[in-house]
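Following this line, the structures themselves.
The following pair of complexes shares a single chain, subunit A, combined with subunit B in the former and subunit C in the latter.
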Partner chain A sequence: MNAMNRPDAAPPPLLETRDLLIKFGGVTAADHVSMQIEAGKNLAIIGPNGAGKTTFLNICTGWLKPHKGKVFLEGEDITPLPPRKIVRRGVARAFQIPQLFTEHTALENLLISAAAREGLRNPLQNLHNISQRDEMMHLLDLVHCTDVADRVVVELSEGQRKLIDIAVALALKPRLLLMDEPTSGVASSQKHEVMEILVGALAEAGVTSVFVEHDMGIVERHADEVAVWNAGNVQLRGTPREILEHPDVIRDVIGEEVA
Partner chain B sequence: MDLTIFLLALFDGISYAALVFIVALGLTLIFGVMRILNVAHGSLYAIGAYATVSLTGFVLSLGLAPVLSFPLMLISAVLVGVLLGGPIEWLLLRRIYDKPEVLQLLVTFAVFMILEDVQRLVWGTQPYFQASALQALGNVTLFGVTYTVYQLILLSVVAMGLLFGLRFFLRHTVIGKLILATTEDREAAQSIGIDADRVFLFTFIVGAVLAGLGGALASPTTSILPGMGADMIVLSFAVVATAGLGQIEGAAVAALLIGLGRSFAIYVWPEVAVLVPYLIMVLVLLVRPQGLFGTSVARKI
Partner chain C sequence: MSDISQHSPSRGLVKSGSLPSMRALLTLLAVLLLAAVPFIAPSMQLLINLALAKGLAVLGVTILLRAGQVSFGHALFFGISAYAGAFLTASLPGADIVLVLIAGVLGAALSGLLVGLFVVRYRGIFFGMLNLAFSMIFWSILEKFYHITGGADGIRLTRPSVLGMALERDSFEAVIFYLSVVLMVGLGWFTLRWFASPVGQIFQTIKTNETRLEYLGLSPKRALLSGYLLSAMLCGVGGSLMAMTQGVVTPEYVWWVRSAEMVFIAVLGGAGSVRGAFIGALIYEIVRVYASAFAGDIWQMLLGGFLLVIILFAPGGIMGIADSLIGKGGKSRPTTTKEDAQ
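Let's look at the complex of A and B:
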């Protein structure tokens, strides 16, 4: 009998990895990582440098192929798919350095993203006239960047670029957004503000997120759940309070961050 | 120099510049997007000319009207772009985008050599003439100088149309923006779901069609013979390098500069006429190594 027909069967998690293994030379960057990500939460990943946090994001988005193990999106194996196909299935990625098209305006970046999402139904249409324009203006509004819509990206501040990068990812209508240090490079006085806007936009768009973060203040205030990475695997997982007060974390992770 | 000679040189230069520009446009588009200097572009130009002559000869032998040679030029160009350009990108170039430039140059040069022999195999070494398109449009007299409508007006109009058309296409249409985005950052393009492989294939085919179209349009004005591809790739490379690699509008200015320089030299100092395009290139590159319109800013990654 098909599992789908059983009313009591729990739906598969949004994203699940089983036994991911990857080695770079002698370093095991993913050491049998099995992880489940449930829909609707903001999960922070913390851990010392070289623990394999970014590697995990890269495997989930198809930029790295694991030597062993699999990645499932709602129960479907996406391990062999190239990055662009994984994006199309609803897993978007934001990098540490915003990957924007810097010679185009903020709005154009979103429109390009929308056009990539919709495919080429009318390739010769003017980009500014595509039917998703209002939707993209709404996304810019969500990240509080309406006023810079027509500015070329090179002219914007790092905080604005980060927010526009997130809007570009949201333009793809993902179900899950993986972010590598969403506030790195943002002035520390603005970090919470950027994160506030970001979390609000994710909630409004109904997007689950996973973000790598070094700033424990950000983790404490903005994450629903925290996973601690160490030596290529998940060492601990829990609420921000549980994790940040855990003696192992204070010793291994927070100690290092303070140093 | 009297006015008649001046006008003749001017018209020669303009019509010649228009042809070279069309070929150089394809070369610079491919370089701008894929960072590959495609030496085989010259062969695609030559095969575009041969294909037009053969198709036109066939249609005329059926007793059909000479004006049909115009659509046949377009058909030849598209055939060259799709049937030759497509497989060159798909089978060869796709595998070497991340390899050193020297290797890329050698591979496209090898394709050029192979296609040169293919031309000899298919069309032999005897020159072909097929000027029915030239005759179909007749002559025009401007300030007392009679010139063919085809060379003076049609070629210029097509070249201008392609220049503005490609500019508009790249800067305003959805697909053009996706091409520019992929050019700027291939990884970022893929991370928003753009199929960069398809963008490159499409761009290469467009560039190859332009080479084929250049050959097709040149066919009524010249004799078609082995070696014409080599001449054209060197000349269009001179145009592209003078303008700055990847500069579309710059290529138009450089083509005019080189075309006019060459045609005036033919009347004034014929012994050096062949050298003039390269002298212009060397002079420009000595002063501005990045070309007239090139930027010396390093590309991201």
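Let's look at the complex of A and C:
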């Protein structure tokens, strides 16, 4: 009997991976990764460079196909699906290097995202006149970018582009948002501000998030849960306090001598 | 290969202020002037009719330039449409002009879909050369199957009827001329609206970020195919008008030089510009006819030199020059979809 049909059975996790394996030449980037992501939390993924964090996001969104193992979204096997079909099921992605339409304005990037979400096909309707315009302006407000709405993306700072990239993903109204280093490229003095804005926007939109992060200050302050990646697998998982005080993490990830 | 599509005025620097309204006014004046040609310069009517037909085909190439793709084989759809019309009038003498046009555009759309399904998997030079390959395959078929296609001599397209009436040559030429003007205005307007629409904007993002497009839940191939189909149909309209104007179709319609000519005109007029497609075609045809009369064999060299100057000093093409002249003194800003809708 299908677990979904049992009234007493716990609902399947929002995202689940089972025994993921992927190798690039001699390097094992995902080494039998099995993990579950529950809805409603902000999960941070930390770990040294080359540990397989981004590869994990790429597999979960269908960009890379694992040699072995499966990915489930609320119990549905999404492993063979291309990214666009996974996106349509409610999984959005923001990138380490913002992936935006550089010749369009910030607002147009969001409007295109809304048009994609709604499947708008009227060839005579102006993009600027679609009914989702106010909603997109609100999203821009949410990420504190209203003042750059009409500026072409190439004119924006890296931090602004990061926020627009995330807003474009949020415009899809996802259930799960996967982000790769949301504060990289942002000035140190602005990182916490950017994350405050971001976490606030996610909470308002009711979106579960998974984000790869190298800044432990960000992780400590903004994550609900932390997974430590090492050599292509999850080494540890727990609350930020548990993880950041763990001797292995202090030694291998933070890079300090253990007292 | 130099990315000529990057000179698209859709995002190029234009001048703000009164530019859109001034542009609309000048467009209206140009259309009225064109409509008056049979009265004020009847000797130019045929030449301008051919330029308008070519301009519609160039508009097809222009659409692809907006997505950053250059096709060196779009004469394929120009030719397929022309031959579809010729075969129709051969088997159904006196077929109506609208029927000939529809048959041509359907032929172009169908072939555009078949070729498009294959070529949208490629980008850049591969996209351009695959289009060229398809057009040359069709050219070979036209040349070799002479018992069906008439070979290099081509086949005649007998004069279609107009709303059931068999017209004399002069009357028919007037009809086809005004039909060309109406189609130029109608399809030009539609293309501008399409560019500004969500589906047109999604098509244009192929030029800048296919990864994001995929992560918006869209297929870049399908997005490119939609524009490819539209571009093939526009080439089909141009080919059909050209065939009905000339009364004969030959393999020259799909010869690679014809495809290159379309790209040449698109860049000359302003790569990515709807108005530029027609202005470029008009200038090209006029220069070609008069330069070949007065400058013998060096007219191609003159045009080539002119194109070099355009690429080096005015990458926005003739429309870019016109925009900067009209908007002189205005503040520079990138255009948006708002301008596309003007």
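Note that in this section the second predicted complex is superposed on the first by the 249 of 259 C-alpha atoms of A that agree within 3 Å, B and C clash if a C-alpha of one lies under 4 Å from a C-alpha of the other, contacts with A are read in each partner's own complex, and residues count from 1 in each chain.
Keep in mind that, in the parts below, a residue touches a chain if its C-beta (ideal position, glycine included) is under 8 Å from a C-beta of that chain, and two chains touch if they have at least 3 such contacts.
Since the model is a prediction, treat every value here as computed from it, not as a measurement.
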Fit-or-clash call for subunit B and subunit C when the two complexes are aligned on subunit A: clash
Partner chain(s) touched by A:126 [first = subunit B, second = subunit C, both, neither]: both
Partner chain in contact with A:173 - subunit B first, subunit C second, else both or neither: neither
Which of subunit B and subunit C A:83 touches, first, second, both or neither: both
Which superposed partner A:105 touches (first subunit B, second subunit C, both, neither): second
First, second, both or neither for A:214, with subunit B first and subunit C second: neither
First, second, both or neither for A:115, with subunit B first and subunit C second: both
Those residues of subunit A which subunit B touches in one complex and subunit C touches in the other: 61, 82-85, 87-88, 92-93, 95, 99-104, 108, 111-113, 115-117, 120, 122-128, 130, 168-169, 172
Residue ranges of subunit C touching subunit A (in the complex, touch as defined): 10-11, 190, 193-194, 196-202, 204-205, 207-209, 211-212, 214-219, 334, 336-338, 341
Subunit A - residues contacting subunit C, complex: 61, 82-85, 87-88, 92-93, 95, 99-105, 108, 111-113, 115-117, 120-128, 130, 150, 152, 168-169, 172
In the complex, subunit A residues that touch subunit B: 61, 82-85, 87-88, 92-93, 95, 99-104, 108, 111-113, 115-117, 120, 122-128, 130, 168-169, 171-172
Subunit B residues touching subunit A - in the complex, by the definition given at the top: 169, 172-178, 180-181, 184-185, 187-196, 300
